[in-house]
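Each of the next two complexes has subunit A plus one other chain: subunit B in the first, subunit C in the second.
Let's turn to the complex of A and B:
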């Protein structure tokens, strides 16, 4: 009965004296789908990096097909039949699909130095067919959507004849449709006897896909077992080590009738079309949309990092004439962007430098622009403790060293220091673990309770249903529907987004 | 953690012991190195420690440092200013043409300024009492103007700084030569050459002016909002824009400051050499950027300090001085300087990695 393909036996690993994996033992059955879950920093990535030959382990051993397995580098892991599909995809965007597939092992014409283009093309077509991609092998990777790139990665794994395929958070940048498609492919790989390790924060997906579930916490395996022993509530409490009664904090305030932000007929060619909505004081207005629906572009237009062709934006009764982040900030609008790394944070700067960035003008003396250092330091301290940012020394430690949740708190914190009356948040909980999500919702609730209005953009319906007063549904650059709290219904919202419902 | 980060962490940990790592990471690494080189050379060339040599070494350092301060600020915003040399040359001839006490008609009659700015009995301002002050102000304004052109094109047209300043470097270096038809303007008034005169021991005008410039820049960087904006813009311009940093204004002002620093250095150099020289700044570029980079400013932006650059400039000058005292031929000195700058760039990469992973 037991046909183990891979065993971790008491594997230890520490980085600079900090143990990240402690005595990890996992048995993996051939042909199973293993769902691996745990908070950020629980050790999932390190364990997979060990398996993929990226880092060595300190103690213990690994058995692959019953044989000792010690990969020295990623190439030897590949030869051993292990393929690792990363969160950040590792494709060369300036090369074609075919070139990506054979990059490490181009077939030659006989023994000559010339590449066998015909063989490369036909083989690539074969592998693409296996993952249902109807694309020419010569398509450049930068022309592909994130979902298609993911599938090219899978095709690459197949081309290397992998027997174990690791997926690390594969769906973070995929739309619902692409996700469904990927799951179909994963099921097919499963049927053909491949072993899959699937790492994700989206517990519902893990529960849907996996045969067995492994829960890691603080570098230790806290539980393993077949899927039927788990439900979402249990998975969460195992991951965080305590019972979380609810995923979403209680709202303590009600929205008012006073309109603070209004969009009238906003249009930008090819991006958004005729957007109308109003945001009220004390309201938490959700915007649901899939990738490419125009949700992020709408946020950028409202904040002023993007322009628009027609329509008007009315803030607090005044028609907006100038479009710029500086103007928006003066009107107390805040914008938590979708990607923390590129647009949210100065990753190599300290927590304090990041927190102070937006409010610098308020702490600068007139004319000379000399900073009132002590006042700024005081304000930074207050925000750090108010938001419970976990950092040793906010004035010395770089943001880069913080966990995703704490990084996001820093982004929120830098805007909170400016007392926003309108807060636009775009995917604020992406890449953030369950515990920190709860905290982020709480922070947003507090802002709303103080009378600010929040535009909450997300591609996770559950979180919008959990926190919002009203949900706008966007798709194809338009607002396709609006749901009041009483009518919140997962399927209906999704149907509206796909224009499959009543409309 | 991505694969690359993890790998980098591991290699750095394995390759470096604790002490070398601390030394490498120290802010004063280059200063320590300078002292070490200096002391080590005394037995071979005792003259290096002589008062005369020290004072000549320092008088070379001050104007170079003034230029490098401006370059440091530009490097912090992840830019580069290749036009500083041309600014030095152009402001030198413009300033000198205004205040020269006499000019040889045979030499200058073909120059475009002959007859309306420059005459046989000197520059147009040579007879006015405030002439020197006005000439210096004009030089500084020209520096600011060229910086403004650089900054505006970079910020608003979005052309890379390298390209823009390469073009302005070529253009204004050419203009400087055209302006005087490649002749040096000599016979500058005593009041002007006194600025560059450093025979009065260690405390001299160049020292005072440059140190003042350094203190001012350091104050701007560490104590003002503009300084914060400068570092933020260089670290992540996208995030800075979203956070309401007026990045275009920051870029324009920084290049203006860079031009200003070059003009200050031009005043010091021209006064010391007692001439307006159309090629005055043509060979300075490597020393300026090298000094800043050796000091620890990063070519990728967000990092740099005025004090660090001082160490870098001292180190490079000391190296040149020592090698020439050792009678090493000129071309070998250039080769050595180039190698050291390459090493410094390598050091920068290593440091950045170490800092990134908080080893």
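Let's turn to the complex of A and C:
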């Protein structure tokens, strides 16, 4: 009865003497969807990188179809029928869809060195049809939406005749509709007998998709079993290793009546239209919007990295005349951007260098502009311990090596050093595990308790309901509704966002 | 479609074809300023005298596509040109074997770049700056800094194929066609584009990025050697300043033709070819307008810098225009609903 396609047997792996995988044994049935969950740093990515031939393992062995399997590089994993769809997509945006599918293995005209473009096109059309993408094979990838790109990656996996497809956090940059479409395709792949390993922090999705669930913690398998043995609460406690009664920390303060930021009729052609809201001192104001609703653009306009055509922004009673991030920082406005890898952090710089970015001028001596090193070092140490950033040496370790949650803490810390009075956070918990999420909510709560105002942008309704005082709903570049804490209701907020139930 | 979109598309079309439009505008401007400029003979002269820069620029395009740079092309020309002249003048070799040996030497200089960049993994800028300086020294050593006039059999630059097309133009055409075929129609070429776009992803896709990277510097070395042959055949001698400063013109030609210095974007035809002719036309035009000889060396970089600046502005504008809008503007919505209403019975 057992038809195992893949077995991990006592796999060990350490990086620089630090064990990241300990004695990992997993049996994977052919044709199943395996949901793999665990906190950041639990070893999921390392395990999948071993399977995908990106890194070698130290001890133990892997069996693929009962045969010993040792991939030397990504190419040999591909040949063995394993496709790895990474969180950051690996498509070449300057090439067409067809070229992306065949880049490592182009068909030629006979034995000549010339490409058989006709064959490339027709083959691509077939694979695109399998993932329901109604696009020309010649479409350039940089014209595609994130969701379409994801499906092109799936088509690529199919073109390589993969029998095992690994999805690593595939939905982080997808809209709700695109996610649904992806799930449909995954189900179809499942029907056609493919084995799928699905890694995600969104437990609801894992529960919906998977046949079997594997929970990793600190490099060990803590539990595996069929889906019916799990519920969300149990998954969380297994991942974190303790029972978490509440996902959201208690608020210790109440908002005041004093308006600190006001937007009046903000408009920008094609982007946002007639945005009106006011943010009070000590208030945690949520902005719910799906990808492409204009929420990020609104944040950029408020912070001054984007311009606007009409309307006004009033900060602390004064009308803003000049639009620039420098001005915003002087007014103690902080902006934690949506994409920490590209916009929030200098990935190859140290934790300390990143933390000092915003406040650097404050640590310079007058006239000479020489840095007061000791004061800066002291301030960095304070922030690192205040936010519990897990790092060996903040002055030597690169941000790149930190887990997602700790990276996000560094972004927050960089702004906290400037004592912001207005903090705009855009998707601060994306790709962050449950434990770190709780810590980030706590940090934000503390900022609010100290009298700052926070604009909390998110596409997760639950977290907004859990932490906010009020929630604005954005969609189509407009504010579609505003909910007071007493009226927080998941379905109503969603309906508002989709403009269902009337105009 | 509506007016807004068609206007936007019109602007986009103009922006995307700026090199060609710039070419036409500059040609017409010079022609208006001096009637002698607008003649077939002059046009042919521009292409013919730009041939060697064009060949260099094709090789340079390969390098720029990977996000690298080759500053050593002028030095490569001097080394191989020195060898060619010494073999012809001092050792009385016949033309063909001398060309062959000198081109092999130039290509080997490109291999040195390739080795240092792809195996030793030193930055292209540093490597080729080094081989530029060392290469000029080696060239001086080979020629003993003599000005060597080559025999008449080597001066075929003014000859015509079948009495019609000047030989330099034939060679340029051959190189451009080969460049297009390699870059557009072979796996090698497409993989160069892929690597230029995202080296990490290329590695993950199983491409041999080391040999891809090495290959472009070898191509550039080969192109520099071929450009040398064309230049010597036209100029008739190899002096101590042979090939000096040509890297600037080659890079400018490629960039003016739309090649990005960040890699992954660009094409040999029409881009690099038009860029080459633009660069040449600017310097030829100044000769016609009798601009002070000493000023010319300052003016042409200025014009090129201006063109590259315009190019950068243009790219950011294209990006902004092609951005997906979140909302359809009211006016369009209104227009559509009005239309619907008018269609209803």
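As a working rule, the second predicted complex is superposed on the first by the 499 of 503 C-alpha atoms of A that agree within 3 Å, B and C clash if a C-alpha of one lies under 4 Å from a C-alpha of the other, contacts with A are read in each partner's own complex, and residues count from 1 in each chain.
FYI, contacts are C-beta pairs under 8 Å (C-beta built on N, C-alpha and C of every residue); 3 or more make two chains touch, one makes a residue touch a chain.
None of these values were measured; they are calculated from a predicted model.
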| item | value |
| --- | --- |
| Which superposed partner A:54 touches (first subunit B, second subunit C, both, neither) | both |
| Touched partner set for A:193, first subunit B, second subunit C, both or neither | neither |
| First, second, both or neither for A:317, with subunit B first and subunit C second | neither |
| Touched partner set for A:74, first subunit B, second subunit C, both or neither | both |
| Subunit A residues touched - subunit C or subunit B, whichever exceeds | B |
| Contacts of A:347 with subunit B and subunit C, given as first, second, both or neither | first |
| Subunit B versus subunit C as contact partner of A:115, first or second or both or neither | second |
| Partner chain(s) touched by A:366 [first = subunit B, second = subunit C, both, neither] | neither |
| Doubly contacted residues of subunit A, that is, touched by subunit B and again by subunit C | 54, 74, 86 |
| Subunit A partner contacts - residues on subunit B that touch it in the complex | 1-3, 6-7, 9-10, 13, 223-226, 228-229, 231-232, 235-236, 238-246, 302, 355-356, 358-359 |
| Subunit A - residues contacting subunit B, complex | 15-16, 45-46, 49, 52, 54-55, 74, 86, 88, 303, 305, 325-326, 328-329, 335, 337, 342-349, 353, 356-358, 360-361, 363-364, 368-371, 373, 398, 400-401, 414 |
| Touching residues on subunit A, where the partner in the complex is subunit C | 54, 73-75, 78, 86, 90-95, 99, 103-104, 106, 108, 113-115, 117, 145, 269-273, 292-294, 297, 476-478 |
| Subunit A partner contacts - residues on subunit C that touch it in the complex | 181, 185-188, 190-191, 193-194, 196-198, 200-207, 264-265, 324-327, 329-330 |
